[in-house]
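Just dropping this structure here.
The first chain written gets the first letter, and so on, giving A, B and C; residue counts start at 1 in each chain.
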Amino acid sequence: MAPAYWPDAARGLDFRLLAPNSHHELSMEFVGSHILSIDQFARTDIDKIFAVAAKMEPYAQRERATSVLNGAILGNMFFEASTRTRVSFGCAFNLLGGEVRETTGFESSALAKGESLHDTARVLSGYSDVIAMRHPQAGSVSDFASASRVPVVNGGDGVNEHPTQALLDLYTIEKEMRGRKRELDGLRIAMIGDLKFGRTVHSLVKLLCRYRDVELHLISPAALCMPEALVEMARSAGHTVQISENLESSIAHVDIAYSTRIQEERFGSRAEADLYRGKFRLNQSVYTQHCEPNTVIMHPLPRDSRADANELSTDLDGNPNLAIFRQADNGIVIRMALFAMILDVVEQVDKHSHPVRWYTGSRF
Amino acid sequence: MAPAYWPDAARGLDFRLLAPNSHHELSMEFVGSHILSIDQFARTDIDKIFAVAAKMEPYAQRERATSVLNGAILGNMFFEASTRTRVSFGCAFNLLGGEVRETTGFESSALAKGESLHDTARVLSGYSDVIAMRHPQAGSVSDFASASRVPVVNGGDGVNEHPTQALLDLYTIEKEMRGRKRELDGLRIAMIGDLKFGRTVHSLVKLLCRYRDVELHLISPAALCMPEALVEMARSAGHTVQISENLESSIAHVDIAYSTRIQEERFGSRAEADLYRGKFRLNQSVYTQHCEPNTVIMHPLPRDSRADANELSTDLDGNPNLAIFRQADNGIVIRMALFAMILDVVEQVDKHSHPVRWYTGSRF
Amino acid sequence: MAPAYWPDAARGLDFRLLAPNSHHELSMEFVGSHILSIDQFARTDIDKIFAVAAKMEPYAQRERATSVLNGAILGNMFFEASTRTRVSFGCAFNLLGGEVRETTGFESSALAKGESLHDTARVLSGYSDVIAMRHPQAGSVSDFASASRVPVVNGGDGVNEHPTQALLDLYTIEKEMRGRKRELDGLRIAMIGDLKFGRTVHSLVKLLCRYRDVELHLISPAALCMPEALVEMARSAGHTVQISENLESSIAHVDIAYSTRIQEERFGSRAEADLYRGKFRLNQSVYTQHCEPNTVIMHPLPRDSRADANELSTDLDGNPNLAIFRQADNGIVIRMALFAMILDVVEQVDKHSHPVRWYTGSRF
C-alpha cells in the first residue's frame, strides 16, 4: 500500500533490537518524548512508568479526582477504528483533568486527498498538547511523530507496535505476581494461540528480555509459531524457551497463561484449520485438571466468544485468577502515567486533587 | 439476528408489566441504579425525577453553571447512530460539569469481532463513571448492564425501550398542563399515527397507567392500531379508551394531541398506503376547525417534512401550543436529573454552581 | 439536490456583494451574532477580530490557560466530514475553557429521515451555547441559523462560504506582512492554480476589497480563471489586476504567493489537463530563480503531495517563508476570537486565566 511508511523492521518481520542486557544504560528522558516503541524502554524506565502508574490508581478507581491538566488538549487521532483503545486513551487524559478532541476513522481525513503524513502532523500538532495516534500502516506513527511539534504516543501502527498494550500487559503480570509474593525475574509464562502474527505476544517477549530467568512456554500450531528471531532473543537473554503444540502439558507449571485468538484465515487451508480447531482453548475444566491453583489467565481482548472460536471459555468468568478485565483496567493507569510523564506533571497530580463527590459504590 | 439478547417481552410484543396501581409500593432506589425500563418507576419515583428535573432548569437555561461532576466521565456508548439523543445525553452530562467519551456506531466495535456484550460491558465500564447506551437489539442494554460495573442508562434498545424519551414526554405533558392549571390525573390525550410500532406511544400508555382517569383517544389506520395488551392495561387502570380511524372527530376534546410518523413500508401494500395517505396529518387548518383552543401538540421528532409525509405541518410552527421543541429541550433536564440521582449529587448541584458569564440572550 | 437551501448567489456563481468601499458604515454587532459570510465584515470589524485574535495568541501557544467558558458547550455540527476544520473549532473552544459535543457526518442524522434543517436547528440549538456547522449544501448554514436559538458559525457550506478560513488567510497575510514592516494596504499578491472553483481565493479577493491599492496577480489555466465578477469587484475597489497563464513571470514582484490545488477533473478533457500539468507548481528552484527573497508562500491545505499533483513542492519545507503551517495555526486564534466576541467574554479571558503547568517545550 504505502511502503514509504513501512520500516525495514516491520517489512520483513526482522525483529532487530538493541542487544539484550544493554538496556540499563539507555534510560530515556520522558518529558517531551514520543512513545513509539517498547524498544525505547530500559528496565529502569519500565520501573519508573509502573511506579507512576501505581500513583494513578486512586484516580482510576475514583477515590480522588485531579485537575492538573485543566486546559490541556489530547489530540486522539485514530485513523483506524478501535473503540476501546481510543476511549481508554481519552478517559486517561480526562482523568488527569484534560480535554480530548478526536477523530475516529480514515476516510474523511486529508490523507485521503493526497496529503502527506508530515503535513497532517504539522497541522494537527498545532492544535493539541499531545497526540495519541493509531494508523493501519506500520511505521506511520513514527513518520507522523517526526514532523509533529508535540509528543506523540503510538496507539497501534498496524503489524508494527502498540507499546501501551505491551506495557499494560507487563504491568498486569507484575501486579498479579506481586499479590503472590513473586516478581518478574523468574517468571514462568505460557503464551497460547497465534504466536506468529500476534503483536501483543511479540512485544511481551521483547519486554521480558529486560528481566532474568524467565521460562517461556510457547504453545501454538506449527504454522503459527513464534518467529525464530524472537525465540533467539529470549534465549540470548538467558531465558528458557519451550516450544509445543500441546496445551495441557505445557500449562502445568506456569504463573501466567496468556491466551490469544487464532483467526482461521491465518491457516493455509480449511483442512489445516480443522486439524487444529479447539486444541488451544482454555476452559475451567482444562484449568482445573492441568494448571497450578493460582495460575493467572490473561488475554489481550477482545476474546471471540462465538462457538467456533471461544479461545478462552466464558466458564472461566467466575475464576478469580481470570485477570483479563483487570488487564483492560490497567490500560487506564498506564496511559495516565505516560501522559503525566511526557507532560511533566507527575509531581503535581496530587497537589491539584480533591476527593470524588459522586457515587462510586458499584465500581468493583 | 442475535436472539440471545431478545427478551420474551420484546420478542412477541407481549407487554407484561407489574399490575397497575401496585406501583406505589415499589419506589426504587436511584443511587447506583441502572435505568433500563419505565417499568422500574412507581408514580412516586416519577414525581421525584420531575422534581429534580425542575431543579435542573436554571442550568439547562444557562442561568447558572455547576461543576459538581468535574472529573466524572460519561461513557456515551451509541452502538447505533442517533445524533440528537447522543448529543442530548452528552450535553446533559457536560452541564453537570462532567466529561464525555463516546462512540457513534457499531461497525468498529469489538462486538463485530465476536466479543460478547458481557465482555464489552466489563471493559467499557472500567473506564467511566456511568454509561448511556444505545443498541439496535431489544434487550441488549439490560444484558450489557448485567455485566457493567457502573450504572447504565438505556438510550434506546431497538423495539424495546427508550425510557428517557418516555419520561421527557410525560414531563412535557405535566409541565404544559401545569401552565393550564391542570394535572396528569384526568388528562385527555389523543395519540395519532402508527400506534402499533411506535415505541414512544407504547411507553406513554404504560406511564399513564400510573395516573387516574385518563381519556385515551387512539387514532390510527386499523393495520397500525395500538396492541390489544396495552389497550387492556389502560382499561384495567380505570382509563377510558376510544379507538378511531378518524382524526378530526377524535381530537375535538383533548388536552394533548400526540402525533407520530407513519412509515409507508409498515403497510402491507402500496394500495393500502394510498388508502390512508394524508388522513392523519395535523395542520393549522385542522387544528383551528377541530381542536379546543389550547390543545397542546406533541411529536417525538424527527417529523418528516417531505411533501408525501408531513404528518405535522410546518404551518403550525407559529402556534404557541406546538410543544415539540420544548419537548426536545426537556430531554436535557430529564437526563440531567437521572444522572444527578444515579450519581447521588442532587443536593450538591447548587453548592458547586456559579452564574453564567457568557452571552445567553438569544436562547429563548 | 435540495435547491431550497441554495441561494441565488451560490446557484449561479453570481458574486453579488455590498458596494466596495461602503463597508466602513456597516460595522457589525458581534455579541449574539451568527457568522455566516465575510460579507458581514467591514474593515473595522476585521480590525477588531484581528485585535482579539492577537490577544488569544498566548493561549494558543500554551503560555496561559483560561477557564472563562467553563460550563459552556459548543455544538460542533459537521454534517460533512472535515477532520481538521472540526478539530480546529473544537480545540479553539476547549482553549477558552468550554466543552464540545459534536457530530461528524451526515448519514446518521435526522436530516436523512426527512427532517427539515429548521427542525434540526430548533432542536440542536436547545442543547448548546453556540454552534459551528459544516454542511455540503450552499446556503444550508444560513437556513439553519435562521431557526437556531443560539449563534451559528459557518464552518463551510459547500461552494458558498467558509468565512473563518477567509479570515485566517487574511490574518496570516497581515501578520507575515507586519513582520516585514508592511501592511495590507499596498499588498502585492499572486493567486495560483484553480481560481474558478477555489472558494478560498474568491473570499480572499472579496476581503482585499476592503483595503487600498492591492496588486492582484491571477495565475491559472484559462479554463480555471477567476470569475469576471470578482475581477470587476477588485478593479472597482481601485486595485490592479493582472491575469496570466505564466507562473514564473507573474510571481516576480509579489509579497504573497498563494497557491491552490488544481483537481484534474476540473478540466474538460484529459488532453487539456495534460497541457497544463506541472505548469503551476511552485518549488524551491522556481522560488529562488523568480521570487523576491522574502516572498511568503501560502496554501489553504491540504496540499496534494502525490507526484502527479504536487502543486507546492515539499522541497520548500525548509524555507522560512513557507507560511502554510503558521496559516493553519492561525485558524485557532481566529476561531477563539470569534467565539469570545460572539459570547461576549473578550474582556474576561485574561481575568480567568492561569499559567500553563505542563510541558510545552517542543511546540515551536
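Quick note on the criterion: a contact is a pair of C-beta atoms (placed from the backbone, for glycine too) under 8 Å apart; a residue touches a chain by one contact, two chains touch by 3 or more.
Small disclaimer: the values here were computed from a predicted structure and weren't measured.
Its C-alpha atoms fitted onto subunit B, subunit A is found rotated by 120°, rounded in steps of 5. Taking shared numbers over all numbers used, the subunit B to subunit C interface scores under half, which places it in the different class. Separating the CA-averaged centres of subunit B and subunit C is a span of 41 Å.
For subunit C, residues touching at least two other chains, in rising order: 99, 104. Taken together, the subunit A residues at the contact with subunit B in this complex read 62, 65-67, 81-84, 86-88, 90-91, 94-95, 97, 99-100, 104-105, 301-306, 309, 314, 317, 325, 328-329, 332, 354, 356-364. Note for the complex: subunit C touches subunit B at residues 31-32, 68-73, 75, 99, 101-104, 107-110, 113-116, 118-120, 122-124, 126-129, 149-151, 342-345, 348.
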